[in-house]
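Please go over the structures that come below.
Common to both upcoming complexes is subunit A, partnered first by subunit B, then by subunit C.
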Partner chain A sequence: MTTLRLTSSSIPALGIPVSVVAILLLALFWFALTNVFGVPEYVFPSMSSVAAALLEAALSGRLLDDTSISLLRLLLGAVIGIVTGIAFGFLVGLSRTARIAVEPLINAFSGIAGIAWIPLALAWFGTGLAMSTFVIWNGMFFVVFANTILGVSRVPPAYAQAIFTLGGDRREVLRSVIFPGALPDILTGVRVGLAFAWRSLIAAELMGSPMGLGQWVNEAATYQRTDRILAGCMTIAVLGVLLETLLVSWVAHRTVVRWGTVAVAEERKAL
Partner chain B sequence: MHSSSSIMHSVPAWVVQASTIVLLFVVWAVIAYFTKEPAILPTPAATFRAMANLIARGTLTAAVQESLRTLVIGCAICIVCVVPFALLIAQSRQIASVLQPMVRFISCVPAIALIPLFIVWFGFSTNAVYATLFYTSTIPLLFSVITGVQKIPRVYADGLRPLGAGQLRIVRDVYLPGAMPGIEVGIRLALSYGWRAVIAGELIIGSSGLGRVLAQARASNQVDQIIAVMIVIAVLFLIIDRLILFPWNQLVSSRWSSF
Partner chain C sequence: MIQLNERKPILQAINLRHEYEARGEKIVALQDVNLTINAGDFVTVVGPSGCGKSTLAKIFAGLGTPTSGEALYAGKPINGPSAERGMVFQELAVLPWRTVVGNIGHGLEIAGVPKAEREQRVAELVQLIGLQGFEKKYPSELSGGMRQRVAVARTWATRPPVILMDEPFGAVDAITRLTLQEELIRLARATKQTVVFITHSVEEAVFLGDYIVAMSSRPGRVLEIVPVPDMGINRTWEKMIRDPRIEAIVSRVFELVRGRAVDSSSERQHA
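Up next, the complex of A and B:
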C-alpha cells in the first residue's frame, strides 16, 4: 500500500507559505491563460465565470441539494464498506493460511477498478440508492480489507503473548492489542478507500444516477457549460480533500496518535 | 494458529491460492445454479460462452488491442514529456518545492470529474481518453522522478564538479542513473493507474476499447458479457503487473539501486 501513499492527493505537511505561494501562482496562471492570452471562455472559462457559476448554483439551492445527496450516498456505502472491510480483515488476518488464500482475490479485485463495476451495478440495481451503495461499498471494501489484514499481521506476537501471560483472554487481546496495533494501517485503508469511493460515486453519477455532483457536471457537459463543469470539479475536489485528509486525520489524532501507536510526524507521513 | 501453520508446512502457497480461485468459481456456479436468473447472474459457463462469442466475433480481441494501444501510446507520450521535465525541475530545490504543491492542488480534482471537460474539448473520441490517461499518469510519474532525484546524495554531484564535469555530464552520470529507481516506480504507477484511467475513460466516453464493449453490454443488459469483459480487464491487469512490471522492477532495483 506504500505505492498508494506515494501518490495520495492529500496536501502534504508543508509550511503554509509554500502552499499559499503555490495557490497564488496557480491563480495567476489561470488569470493569464484566460484574460491575457485570451483562451476562449467555452474552452477554458475564466475564474470570474466559474465563481459566478458556483454562486448561481449556491443561490438556487442546487449546489446544496447535489452535495448533500452525494455525501449521503457516500456515507451509506462507506459505513458498510468500512465495517465489513474491518470485520472480514480481522477474520482473515488472524490466520496465516487465510491470509495467503485471499491474496489472489485481493489482487484480482483491485485489478478491476471500482469504475469497471458500475455497468454491472447498473444492470443489477438500476440507478437507485442500492446501485450507488454497492459501487461505494465495492470501492471501499477491498482497500480496507487488505489494509486491515496487513495491520493485523504486523502486530508483534510478543504483545499478544504478554497479555495472555498476564491472564487475558482472546477477546482481551483483540481489544487491547490487535485492534490498536492494526488501526494505523486500517486508517490508511479508510483514507485510500474514501478517495476510491468518492471517485467511483462521481463516475456512477456521471453514468446515470439522478442528482448528485457527478450528475450536475454531466448536465453541464450536455449544455457545453465549461464554467459549470469546472465549478463542479472544484467542489468535488475540495470535498474529496476534506473527506480523505481532514476527517481521517481527525480520527487519527483522537486514536492512534493519542495512544502513541504512531508519532505525530509519522502520522503526517502515513496519512 | 497452530493447526494453520502446520497446514502451511505441508501445502505450498500456490495450491492454497489456486484453490481460492477455484472456490470463487464454485460458489459463483452454485449461486447462479440455484437463483436461475441468467439476466442477473449468469453461470460461469454462460459467461465463458459469452467471452468465446465475443472473441469469435472479433469484438473482444479488437477491443483489447485498442485499449492496450491507447495505454502504451499514452504512457509513452507521458514518459517522454514528463521525465525530462521532472529531471529539470528537480535540479532546483526551490522550484520543486513550489511546483509540487501546485501539482498536488490540481491533482485533487479526480480525472473522472474532468472527463466531461475532455469530452467538450475533444468530443466523444479516443483523444478524450488520451487526455484522461495523460492527466492520471502525469502526477505519479512527476512526483516519483522528483523524489528519485532528491534522494541522490549531494556528494555525488559535488564530487564530480571539482573534477571538471559540466552540468550535462553530471545529469548523465549522476542524476539519470541515480534517479532510475524513481523513474521506474513512476512508470510502473503511470501504467497501473493509467490502465484504470483508460478503462474508465472508454466506459464514459464510449469511443473505443474494452470500456466501450462494457458500455455496449450494459446498454443491451447482457450481464454475461459485462462479467466476461470484467474478467478480461482483471486478467490483463494481473498480466501487466506480474509478468511485465514486477520482473522489470527487480531488474532495475538490482542494477541501479546502489544506495
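Up next, the complex of A and C:
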C-alpha cells in the first residue's frame, strides 16, 4: 500500500511552497500552448475562455447546483464506504482465520475497476441516488477494508498485552490500542478510496445520473464546448484536493502525524 | 528480631513445563520449573537467551499458558492477565498515541479512579521519575530512557501486588541503565513492591535482586537460587562493585548460567 504523503516543502530563499511553483509552471505552459503557439480553441481552450465558462456557470447557478449534488452523492457513498470498510476490516483483521479466508476475495474484488459495475448498477438501481451511492461505496469500501485489515494486523501485540496487564478488557484494547494503532493504514485507505470514489462518481454521472459535475462535462461534450469540459474537469480536481485535505490531511495532522506514527514527507530525509 | 514482613507466597510455579513448535521442531522452553516468590521480594531471573525466562514472566502475567504444571497467584491458578500482575515489556510498549500523563494514568483510568485523584497521582509519579515539563509530550518526542521511565511508571501507578519486568532496560544505553536501575531499587525498597525482574545481564541481576534465580537454556530450568546479602542503604553501584561478597556472587552466577558450575559438573560425574 502507498504510504501517507503530507504537506509540501518550500523553496527557502523565496519562501514560496514548491507545490505553488509547480502549479505556476503548469499555468505558464498552458498559456504558451494557446496564446504563443496558437493551438485552436476547439482542441485546447485558452485560460481566459475556461475562466469565462466557469464564471458563466457560477453566475447562472449551475456550478453551485452541480457541485452540491455531486458532493452530496460523494459524501453519502464515501461515508457508508468508510464506515463499513472500517467495521468489516476490524471484524476480519482481528481473526487470523477470517483474514486468510477473505484475502483472495478482496484481491479479486478490488481488481475490478469501479466503472465496470456501473452498467449493472444502472440495471439494479436506475439513475437515482441509490445507483451513485452503490458505485461510490464500491470504489471506497474495498480499499478501506483492505487497509484496515492490514493496519489491525500490524499493531504490535505487546501494546495490547500491556493494556491487558493494566486490567483492560477487550473493549479497552480495541478502543485505546487497535483503533489508534491501525489509524495510519486506515487513513491511507480513506485517501486512496476517496480518489477511487471521486472517479467512480464522475463516471456514474457521465453514464447516466441527471445533474452533477460529470453530467455537466457530458453535456458540454455533446455541444463540443471544450472550454466547459475543461472548466468542469478543473472544478472536479479542485474539489478532490479540498476533500482530501479536509477528510484526510486534517485528521492525519491531528492524530498520526502528531503521534509520530507516520513519517511526514518533508521530515523524511532523502537518501 | 521480629520479622515485620510476613513471608507470604505470592507467586508459585509448580512443575512448570512449556513447549512450543518452531519449524516442525519441538522446543522445550521450560522444564521442571519450581519456584516460590514471597510478597515483598525483589527477584531477578537471569539466564542466556532462549532459557525461557521471558516465557516464565508471560506465564506469571497470564499471557501464556504452560504445557503442563501450574502457575499460582496468591494460591490460586493463574488464568489470563489481570491488573493484579502488571508487566513492563522489553519492547517499549507505551502507547505512541498517548501523552506521558495519558500513558501513566491509563491503568488508573481503567480502574475507574476519579479524574482529580488520577491527575494528582500521575503528577506525583511524573515528579518521581523526573519527567516534569514533559507531561504533554508523546513517546516519539522522548528519549529511550524517558520512554522506559514512562513504561515503569504506567505499571507502578496502579500499585499492582506484583510487577513483572521483562528486560525493561535492554534498549537503553549503559549509563542511563545504571541510573534507571538505582531509581528502580530505591522505588521498590521504599514501597516494598514485589518485583520479578527478567534480565540476561548477570551484573544487573546481582545489583537489583534480593535473590537471583539462575536459569539454564534449552531446556530452561532453574539451576540455583542465589541470595544476595542485604546491602541496606549501601545498594549503590559504586558500593556494590567494591564489595568482595558481591564479587563472589557475580562470579558464582556467571559460572551457573554459562554451565560451568563446579557442583553441577560433579553431580554429572556421580550420576
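A few comments on the model shown:
As a working rule, the second predicted complex is superposed on the first by the 239 of 271 C-alpha atoms of A that agree within 3 Å, B and C clash if a C-alpha of one lies under 4 Å from a C-alpha of the other, contacts with A are read in each partner's own complex, and residues count from 1 in each chain.
In this section, a residue touches a chain if its C-beta (ideal position, glycine included) is under 8 Å from a C-beta of that chain, and two chains touch if they have at least 3 such contacts.
Model, not experiment: these values are computed from the prediction.
When both complexes are overlaid on chain A, the residue A:E172 reaches subunit C alone and has no touch with subunit B. Once the two complexes are overlaid on the shared chain, A:V43 sits against subunit B while remaining clear of subunit C. Once the two complexes are laid over each other on the shared chain, residue contacts for A:R199 go to subunit B alone; subunit C is not touched.
Partner contacting the larger number of subunit A residues, of subunit B and subunit C: B. In the overlay built on the shared chain, the residue A:W259 is in contact with subunit C alone; subunit B does not reach it.
Judged by the touch definition given at the top, the superposed model places A:I163 against subunit C, while subunit B stays out of reach. Once chain A of one complex is fitted onto chain A of the other, the partner contacts of A:W124 are limited to subunit B, with no touch recorded for subunit C.
Put simply, subunit A touches subunit B in their complex at residues 3, 6-7, 9-12, 14, 18-19, 21-23, 25-26, 42-43, 94-98, 100-105, 107-109, 111-113, 115-120, 122-124, 198-199, 202-203, 206-207, 214, 217-218, 220-221, 224, 226, 229-230, 232-234, 236-238, 240-241. Only residues 61-63, 81-83, 85-87, 89-91, 93-98, 106-107, 110-111, 138-141, 154-155, 158, 164 of subunit C touch subunit A when the two sit together in their complex.
Across the interface of their complex, subunit C is touched by residues 156, 158-159, 161-168, 172, 176-177, 180-181, 183, 255, 258-261 of subunit A.
Those residues of subunit B whose C-beta lies close enough to touch subunit A in the complex are 1, 4-5, 7-8, 13, 16-21, 24, 40, 97-102, 104-117, 119-121, 139-140, 143-144, 147, 185, 188-189, 193, 196, 199-200, 203-204, 214-215, 217-218, 221, 223, 226-227, 230, 233-238, 241.
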